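What follows is a set of notes on a single structure, which appears directly below.
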Amino acid sequence: MIVILKNNVEQAQVQQLVKDFEAQNFAVHMSQGTNTTILGLVGDTAHVDLEKLLTIDIVRDVRRISEPYKAASRSFHPQDTIVQVGGLRIGAGTFTVIAGPCSVESKEQMETVAASVKASGAAFLRGGAFKPRTSPYSFQGLEDEGIRLLTAAKKATGLPIVTEIMSETQLPEFEDVDIIQVGARNMQNFRLLKELGHCNKPILLKRGLANTIEELLMSAEYILAGGNEQVILCERGIRTFETCIRNNLDISAIPVLKRQSHLPIIIDPSHAAGNTWMIEPLSRAALAAGADGLMIEVHNNPKAALCDGAQSLDLPQFEALMQDIKKRAAFEGKELQ
Amino acid sequence: MIVILKNNVEQAQVQQLVKDFEAQNFAVHMSQGTNTTILGLVGDTAHVDLEKLLTIDIVRDVRRISEPYKAASRSFHPQDTIVQVGGLRIGAGTFTVIAGPCSVESKEQMETVAASVKASGAAFLRGGAFKPRTSPYSFQGLEDEGIRLLTAAKKATGLPIVTEIMSETQLPEFEDVDIIQVGARNMQNFRLLKELGHCNKPILLKRGLANTIEELLMSAEYILAGGNEQVILCERGIRTFETCIRNNLDISAIPVLKRQSHLPIIIDPSHAAGNTWMIEPLSRAALAAGADGLMIEVHNNPKAALCDGAQSLDLPQFEALMQDIKKRAAFEGKELQ
Amino acid sequence: MIVILKNNVEQAQVQQLVKDFEAQNFAVHMSQGTNTTILGLVGDTAHVDLEKLLTIDIVRDVRRISEPYKAASRSFHPQDTIVQVGGLRIGAGTFTVIAGPCSVESKEQMETVAASVKASGAAFLRGGAFKPRTSPYSFQGLEDEGIRLLTAAKKATGLPIVTEIMSETQLPEFEDVDIIQVGARNMQNFRLLKELGHCNKPILLKRGLANTIEELLMSAEYILAGGNEQVILCERGIRTFETCIRNNLDISAIPVLKRQSHLPIIIDPSHAAGNTWMIEPLSRAALAAGADGLMIEVHNNPKAALCDGAQSLDLPQFEALMQDIKKRAAFEGKELQ
Amino acid sequence: MIVILKNNVEQAQVQQLVKDFEAQNFAVHMSQGTNTTILGLVGDTAHVDLEKLLTIDIVRDVRRISEPYKAASRSFHPQDTIVQVGGLRIGAGTFTVIAGPCSVESKEQMETVAASVKASGAAFLRGGAFKPRTSPYSFQGLEDEGIRLLTAAKKATGLPIVTEIMSETQLPEFEDVDIIQVGARNMQNFRLLKELGHCNKPILLKRGLANTIEELLMSAEYILAGGNEQVILCERGIRTFETCIRNNLDISAIPVLKRQSHLPIIIDPSHAAGNTWMIEPLSRAALAAGADGLMIEVHNNPKAALCDGAQSLDLPQFEALMQDIKKRAAFEGKELQ
């Protein structure tokens, strides 16, 4: 961490500040120019409150040199993390496809979709029981009944399940869920993240619509710091000035996250695109850029979907996508889960 | 709501779609061009799922004409809402200043700050007990003890209090709180919003860093739809490409929200700026643009603040700001609360 | 085009407006609800000034249904455009790599780089003679001498050349240039675009850092409307809230532009990334998503580059990239130019 | 400037780098931690190419401490710049209103508007002769004839005139123009900026829709570095994710620019808003936040305007605005020009 002092400060003040830092167990290296004095702080700066330093009278600016996250950082954990669910392995050379409807709607729907996506090659079944909707007048999900239908489909097909949690109070209902999803709008619901740090299930953490990559890793850090090391990151499109598409899939996030962190990365092209015709090109791009998997919305009858039908593939479309993905995963030398 | 059909669709399909809409109690007006057919749906479209319409085979595009919110809309509620707390009135020609530290830290701090901001003319005392922090390693607030210290300061000074809730599970602890704040990162925590719709306290709803004005009003709608009509909107800076400031205070949000909604609007220049030297010009601009009040971070010793010290005014700075605000409120013909 | 009228307007005013539109050769279709009247205008609306309509007293809102561009639109030109330069074909199933240094610096540099990128498989040589630099104190390019060195390298290697124009006054110096590049900062330099519409050379039009896809196509329309049909679009990263990378490569722009337009699309991962280590994953993603080519910065000695060294591949790195691209182009069934 | 070296570099390499910097006349201060070595460069770093430093093998990161602009910086020029035109003074405690139509359309229009805005209290007349339009099919301005009509209105009323230049080739036609405007889309047209640095007329430089404040000041630096010290900055709204308004007026830009630079700042609420009803609140906010003036679009018949009618005030609306502005300028202690 670098602390830049104001011009023309008195030597005595500088000495005092150096002593204060040393008292906090930092080694301090001073670099004194004609106008500017710079202090380099060496030690564990992840816990330093940058804003507090800025209130010191003689301080002009403060800059971090190392990342504010530690458990999520590749510097401290060079090996790729592999999240294991049953015999499946997410990360480190594998490719995992999670598929299913935006929301769980009925027993028949879940049975049909689950059997079909399994046959096409999906490794996990997804489906929303608790739905975060912008409008209070939109369908809010089947809630507990949704969890029960998902669990039934899991039993019927053997596919492990992924579903979204909206509040830490719902944890008891997630006992049979294999991967707990945190939605984009809850990426900084810190109460929820803390609780998930104490549970022993893999967490799929979605990036917020306008959250930086550093903020995503800080939210992962909340879970990791609590003791839960099974975190999967998910990029699902960011909010920009562009109006002709719903969100811009941030393809650069894949190489950046791979470099900064050891956690696996799943791409959700369905929510980024908001339509079906962009899912194939975005899925191809994600795989080519190094993603560890995809999460795809699939519905047996998109026109009748209670939620997000416009972006849901139907069963034959998903089958066609998987045929393509299989060839491409082989080309990339990735093992399809 | 306008439904634009694809080119060259068959007449029979159009007729069927019209029948379907009519069965849902919409009046349908058809406009048929050489290439394009447009259907205008008349009726209560606030509950229509736009995305579902997009999945219909012959539909090319759908556009809303009226807003998707109703209880929050000025169209259905032309009079300004006035939120009353004790004898204080927020909205409709008044100007309310809420002041206090970012986080509650100690009995002495709260007593000192409360007495001082009251003397300077603040109408409400704020202070964070539960703190949403980006890093798990940052100070997370005094929690229950923070609420107790706030309540003690309220008793000592008579100032009503405003503090942030992070989860619906904390509601029982907010019994003595006068206005419950929902933070920017929880603006779309829909579980929380639903619960707040059933409580009988005023809610200060902060706009998320990258949420549209429509989304802010939809979140207000969650609370209003639950039966709680005491909602105060709060703009606190939005996220843009600019890097030399923390957030861009969206000054246009004031006239836009005043036009679209009847709810009062408070501006938080402290979080937008992230520094102290911009608070005065931003406060002046907010008042001139028509805001109903300000929320300002004030600390008795910003250098020792456990949170957000860099943007906290000290007591004499706040006193100077209030002297200026008093003259300006008088100039605008607004009654300072 | 849809014109939404204000509530409760008088019938006579509506009739007058309909007449006015009909006098402008539009067929008008009226849809009258209990509160809202909607007019659908049918005809050539590309030339209608939307903002002018908004000033009409009884008009509440106006929405376009068809795109405001015509020559660039796939609706009016369903076949892919192929830009031909010598025997090379850009677009429609081919894949073209343009490579070379950010700026032309010396005879030796250009000879070395040109020979090497040709050997590695590049189809075009790029190099900046006139450089748009944010700072007036940065190297501004060798200007005329730069064009001469580029031309010499073209003669020596046979590689056709691509270089950037900054003002219409420079056109006479571009006689030997094969493709004229318009930089991101000049995407809406309409004087320049108009002049390029009258020249008979292919134009590589880069998207501005914060320009929408519609604006990019409108700028292409300026060139096409002037009679020059050889336009190549180039996506090079957009500006967002993210600070850890220079720009976000907009991967969605590829499928969107392919759907909306018939023009070929080249991706510039070098400027998007601003570093070398992201060029490979972004290039792979671009190819997989359907791009028609890449423009890559390559330097024989990046450390000594006068411009953009940080994002320039050295010669062995480019050779390695091309080995990978060749395999991938074959996998996609694309003919490498 | 701070240069952060990679971990575990060899001492000999560090010594060599220090020597290289010293050979470039920098004083170098080294700060060596257990893992990280930091070099502080002292000297004239405005001309250093940051990206070039990043290509050095042992360099991990480089950060500027001082701004990359000098002539535009308040550090080197603490006094406010006052731009003088005839007897009028822009900046430093004055308030200047520039008013007129988006585009010059006819002799009658210019005479009517000029006489009226003068009577209402405008100090300058504006009007576009050369119009940068997104669509090639929109009205492109009367060009030379527009300049003639503007000049005639200047002679008739005595109001000095402001109009936009689109290319350096137009300079000869701007002889009678008092302030030359550079539009948002040309803010980084560096050829144009360079030429304007050599002319002896005040330049009104508009901020690009997605340009940072630093980039705006770097573009001002182009003009100042050429020897022309009469630069007026203009904020006119920035592009964000918000879709319910055209652009977000960046109110924070006023205090930031006042702190960073000595140049006067004019606000253009008309282009930011894109409608008439937001012009009054935005104008009030700009004045209260410390702007030196306003640029307002006014038309004698907005409904018939060939450009931007939706955001043009009519003559009585402008008269009402000026009545309000006069009272507010007096309240702020600003001298209306």
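The letters A, B, C and D name the chains in turn, as written, and every chain counts its residues from 1.
Simple rule for what comes next: a contact is a pair of C-beta atoms (placed from the backbone, for glycine too) under 8 Å apart; a residue touches a chain by one contact, two chains touch by 3 or more.
Since this is a predicted model, take the numbers as computed values, not measurements.
In terms of C-beta pairs in contact, the better-connected of the chain pairs B-D and B-C is B-D. Farthest chain from chain D (centres taken as the mean of C-alpha atoms): A.
Averaged C-alpha coordinates put the centre of chain B at 32 Å from the centre of chain D.
Per-chain Cα centroids separate chain B from chain C by 40 Å. Multi-chain contact residues, meaning those touching two or more other chains, occur in chain C at positions 210, 239-241, 243. Taken in their complex, chain D has these residues touching chain C: 46-47, 49, 51-52, 54-57, 68-69, 132-140, 166-169, 185-186, 188-192, 194, 208-210, 215, 218, 221-222, 225-226, 239, 274-275, 302-303, 305-312.
Residues 2, 4, 27, 29-36, 38-40, 42, 61, 63, 65-66, 210, 239-241, 243 of chain B touch chain C in their complex.
Chain contact summary for the complex, chain C toward chain A: residues 210, 212-214, 238, 240-245, 248-252, 254-256, 259, 272-273, 277-278, 281-282, 284-290, 328, 331.
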